[in-house]
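In what follows, chain A forms one complex with chain B and a second complex with chain C.
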Partner chain A sequence: MKNRFFRSRRKPLAATLVIAAGLLFSGGGYAVATSVVETSATEYTAEQISEGRKLFLANCASCHGLNSEGSAAGPSLIGVGAASVDFQVGTGRMPGQGSGPQLPKKNVQFTDEQISLMGAYIASLAPGPAIPEQKYLEATGDATHGGELFRINCAMCHNAVGAAGALTEGKYAPNLEGSEAKHIYEAMLIGPQNMPVFNDANITPQDKNDIITYLAYLEENPSAGGFELGNLGPVAEGLFLWIFGLGLIVAITVWLGAKSN
Partner chain B sequence: MAGKDLEKGVEAEGFEHDFESGLAVIPPDKIRDPGLEPHRVRMTDKSPAKARNAEVQVAAMFLVSVLGSFFALWAYIAFPITEDLSTVRANNLFLGLGMTLSLFGIGIGAVHWAKTLMPDFEVTEARHQTRGSEDVRAAAVEIVRLADSESGFSRRKLIRRTMYGALALFPLPALIVFGDLGPPVGNTLRQTMWKAGTRLTKDPTGIPIKASDVTLGSVFHVIPEGLAEMHDHKLEEKAKAAVLLVRLPQEDLKEAPEKTSWSYDGIVAYSKICTHVGCPVALYEQQTHHLLCPCHQSTFDVTEHCKVVFGPASRPLPQLPISVDAEGYLIAQSDFLEPVGPSFWER
Partner chain C sequence: MSTTVETSKQGGALAATANYLDERAGVGGILKNFGRKVFPDHWSFMLGEVALYSFVILLISGTFLTFFYQPAMTEVIYDGAYVPLKGAQMSIAYASSLDISFEIRGGMLMRQAHHWSALLFVAAAGLHMLRVFFTGAFRKPREINWLVGFMLFILGMAAGFTGYSLPDDLLSGNGLRIIDGMIKGIPVMGTTISSFLFGGEFPGTEIVARLYGLHILLVPALILIFIAIHLFMVIIHKHTHYSGPGRTDENVVGYPLMPVYVAKAGGFFFIVFGVVMAISATFTINPIWNYGPYDPSPVSAGTQPDWYIGWLDGALRLAPSNLDVSILGYTYPFGVLIPLVGSLVFLGLVAVYPFVEAWVTGDKREHHVLDRPRNAPVRTAIGAAGVTFYGVLWAAASTDLIAVFFQMSLNHVLTVMQITLIAGPVVAYIITKRTCLALQRKDREIVLHGRETGRIVRLPHGEYIEVHEPLDKFEMYKLVDFKDYRPTVVRPNKYGKITVGTRMRAALSRLYFEDRIAPVTQTELNEAQSHDHSPAVSAPAAQDQLTK
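Entry: the complex of A and B
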């Protein structure tokens, strides 16, 4: 009788304790799982870093400063991570060929090896976004989900199939066709130039893989609607119709009205 | 003769200048009627061989039409639309090509026939004045007078006035019925799903967003908590409640004193619905902090409460006052304090 009394009195207290402990662990676990500081996972050797520094001093320091602290000509590179170097130099945007509203994609000026060494040096300065893991770059995700994410997060600038779009004052969102999966991933991670950042808390690595899968699907599957005309929508289609469609109608009208010889 | 006409014309238009003939150059302001072109006989009328040629051409066009019809029939069978969507392409292309030829052949053939082989005489029709002659006009007035006197329309006041009353009132039932066709608009244009304490969640998953998730330069496309699970009226609610969440360096924000509490640590939330005609404004430039609307290029400055810096929009994007709850998730302080989207009549 006494035992049962105690048991029934302790029960709610015990339950409360269990729930509190559970909440603490699950909350803590969630906080760890959703942590958004992307630190460089790859370890670089001292030799790689010093080789990278030499390349940096020879090619980048005139704008970004001798210690990557930035200058009037270029931003600070402390904390931008190896992913930024890989994207900017790996797509040829850096070294920039001149000032303008936007640095264009051009021929890559360095070898993969050199880009990786410069990345090592920049990553050694401060923690920053690392080069993405290969498993997220193989376009093996869910293209449907990727398409939905693309339309919500990317399509307003890059166009629904990534065929580019205009921004203000000469800036533009580039065409994504032919872009390497690695560079698409890195662009979301770092937000180069005027593109905003889509960090892993917003679009998870698997979501990024889905978006890459969607873009790969678009490249592999031709449009079902006939000639794409650059996929630019009403402007290109309207121009085509005004010139060729209306031209045909004008030609027929002239023929209808002309007297037979 | 021409000179006389010109002088007359000048007088009629009220010119007060006197021209001395031989000094002023008066351009003739009337284009003279060139008359009818001389009739030109067609080759097909002069040469039987040409006529025969034309006949063959017309027949050939009709044959093209026949072939086009068969081609369209064949294409419909040869390129069936299967579950693979790309089969639509060949099906539509060849079916359309065949049907175009089939119709085009008939049209071109018929016109060519009429132009080359049918009789070729020219007809001139004089253009008449639209005003009727005095006799016709007088007769018309007489008909109306007669109708009035026979019906007694002017004379019988009682009938006339009751008829006016009946005509004025008969649309009323229709007006009342039309008024009840839809639900009343009520406050729906002024309210959205956002309430004090509603969590900001990601579009489309509905996962709540922590303030710490929103790193510098980030953009989140946001829907209110609960919208992702909605079934009825989901799109209507989303069209009003969609929000863009941006974090920019605190020192870049130029906030009005009364609105400093609306942001959280450089994180600001704005309605994504353009105040011009309601397109989703979501082209955010990270470095200039400008938001661009893709439809008509209205540009909003995120650093200054999304004031309009370019384009046809006339009002800034409404700001959603945000804050953070005890668990670190971003929440709304209230609904938008003004109606979102384009202007409307009672705004």
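Entry: the complex of A and C
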């Protein structure tokens, strides 16, 4: 009995079974981990969806396709969720004007009402990330934890306090100053443009709240040391010292060395 | 005995004190010597002073910081005033730096004053060095003092770097990591040196205390010694001066130390102090609370060293990153070794330049009258090439910020900088040399024919001329008083051989002096004046021409 059991481990079928079990386990686990994509929290009415579709057809369809299936000019929007619409249109990045390595933030082109209608239409196409709940956007979390998460996950592109940073080929991580809590949350959720996705399994909603809390603290409490020189670090400090510090002192030496008339 | 009593009665307490000191310490003799030292007046002679005063501010503010800073890497939980770090785990070094910033009275001001004056110290020293270079103040007898000054610049960088790492924040920790990487890149013994320095694997628990020892003890002591030697040599050599009436290589024209320069320099110290304090009170520098405690995993965007280390960071960024060669089980990372060796070679060239130039010109005379940069075109051109090389490396340390703020591609910025690093110095050399020669020609023209006044006069016979105004003596001195060198000729030595050294020297000498504009001679001037019928002006300096 014992021998038969051990022998059976060497049969080809056993190997297949083990691999199948392993795949099922890891793949299933992965599916569970990544399926934390929220389906729309709010139910939209058919009227909202059809109004949203009208706006979509008038403003977005030329690039994203008549049925949001995407085209050479713009990606498919099926499954991107209301959060994507709210972020991209709500920060003025969409509708895009001109092509480039990255679409810049600009003046918002639509009212909040219109943005929400377009979001309703996109959310109706397939389940996708929804607009975050208000309770995670109040900046009431743990700033210390948020700061740590920010330094580990965000600062390598956005700079230690979110003052912007370069990516390759003209792409960049924008300055976060003045960003709305909702948009910060949505950006982590959907990973717009060149940003990676930080889903709820990776950074939980409470963690996202902590990060928002940290950024809100920085915005409300300017540097205790005086003017911040853009928070750009030693380059800005060196430029300032050479131009204004040493510049002023050299001007004084010229004054001291000038012959009296 | 009786005379002493009399003096004190006549002059009061001040005279009595002076007499007391003179009888015991010979102050009178010292003052007589030092007080009569003459210094010429020119703004560019005050740049070294700025560096000296910044160093004094560094000593004062640094001493204050040592009262509160603790160089230990033991981990603690922060419970201070800065909210977004409350409860975070960090080293004692970082916690005490935060306490200095937020809880010690005047701590923030002193920390910022220390950092701003450190930036100013190296900047003023660098500018002073450029002044010395471009005016030829390093020539005999000051070559050794150039080396001393060079050492001070290096020590300034060392002091800055060791201090930069002390707060143990994320930014400085990343800087240390880069240094660790560079050390580990040294073939064969890199890893050993790194473990020796860090007391094991990076970052370890030793490095902050070690850097602290270097930063507050060894490096400042060396800087003080070198400053003492530097100033002592200035006293021995006397200061240089720009050419002007009565100014020669045998004298120095200016005001005495006592009372003019003691008052002027003393006042200037307080001006520098005031500027540093005003900046420190209004502008944030190194906001360590933003960077967070050191942790080897994260690296923030915009991680740069202070400006004086920037050129080394730039060299690392510009070097090709895919040049790892493996020989006999050792990896030679040329992306690290090229910048390492390249920057050492660059510094070496800066250090030995005075000796190279002395060898090329073969000039053994003492020089106390400074050159106008245009009158030494090749030296000025070499300097411009060096400044361009350094400047490109320096700018390369901020490729990421240039890309973001000028909306360019980071990759393109890097490529352009790589090309400029090679081509820039060559272009700068050619443009500078040609500009100098053109300016010399212009000077020559002005000396011989005077300044154009723009007044057109019609002569009785109908000819129109523009009236040229002759120069006054002071201007004339400035324009004609410079040394004229000619290329050395290759001659066999006493054994009748022409050595490689002689040939090299002749080739370099040709490079230096092939294109040259000779200073105006007295004969030429007389000739020009008789032609112009303008009032006679004599050429001030006899032109001694070096024909070797």
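The working rule: the second predicted complex is superposed on the first by the 212 of 261 C-alpha atoms of A that agree within 3 Å, B and C clash if a C-alpha of one lies under 4 Å from a C-alpha of the other, contacts with A are read in each partner's own complex, and residues count from 1 in each chain.
As a working rule, contacts are C-beta pairs under 8 Å (C-beta built on N, C-alpha and C of every residue); 3 or more make two chains touch, one makes a residue touch a chain.
Please read all numbers here as calculations on a predicted model, not as lab measurements.
In the overlay built on the shared chain, the residue A:N107 is in contact with neither chain B nor chain C. Of the two partners chain B and chain C, more chain A residues are in touch with C. Once chain A of one complex is fitted onto chain A of the other, the partner contacts of A:N202 are limited to chain B, with no touch recorded for chain C. Once the two complexes are laid over each other on the shared chain, residue contacts for A:N194 go to chain B alone; chain C is not touched.
In the superposed model, A:G245 makes contact with chain C only, not with chain B.
Once the two complexes are laid over each other on the shared chain, residue contacts for A:Q134 go to neither chain B nor chain C. In the superposed model, A:A163 lies in contact with chain C only, and not with chain B. Touch criterion met: A:I152 reaches chain B and chain C at once. Across the superposed pair, chain B and chain C both touch chain A at residues 148, 152, 156-157, 165, 167-168, 173, 221, 224-226, 255-256, 259. Within the complex, the chain B residues that touch chain A are 40, 42-44, 85-86, 88-89, 92-93, 111, 115-116, 120, 202-204, 209-210, 212-221, 246, 280, 282-288, 290, 292, 294, 297, 299, 310, 327.
Of all residues in chain C, those touching chain A in their complex are 41-47, 50, 83-88, 101-102, 108, 112, 116, 119-120, 123-124, 127, 170-171, 264, 268, 271-272, 275-276, 279, 281-287, 290-292, 295, 297-307, 310, 397-401, 403-404, 407-412.
Put simply, chain A touches chain C in their complex at residues 101, 143-144, 146-148, 151-152, 155-161, 163-170, 172-173, 214, 217-218, 221, 223-229, 231-235, 237-242, 244-246, 248-250, 252-259.
Residue ranges on chain A touching chain B, taken from their complex, read 27, 34, 36, 148-149, 152-153, 156-157, 165, 167-168, 171, 173, 191, 193-199, 201-202, 221-222, 224-226, 255-256, 259-261.
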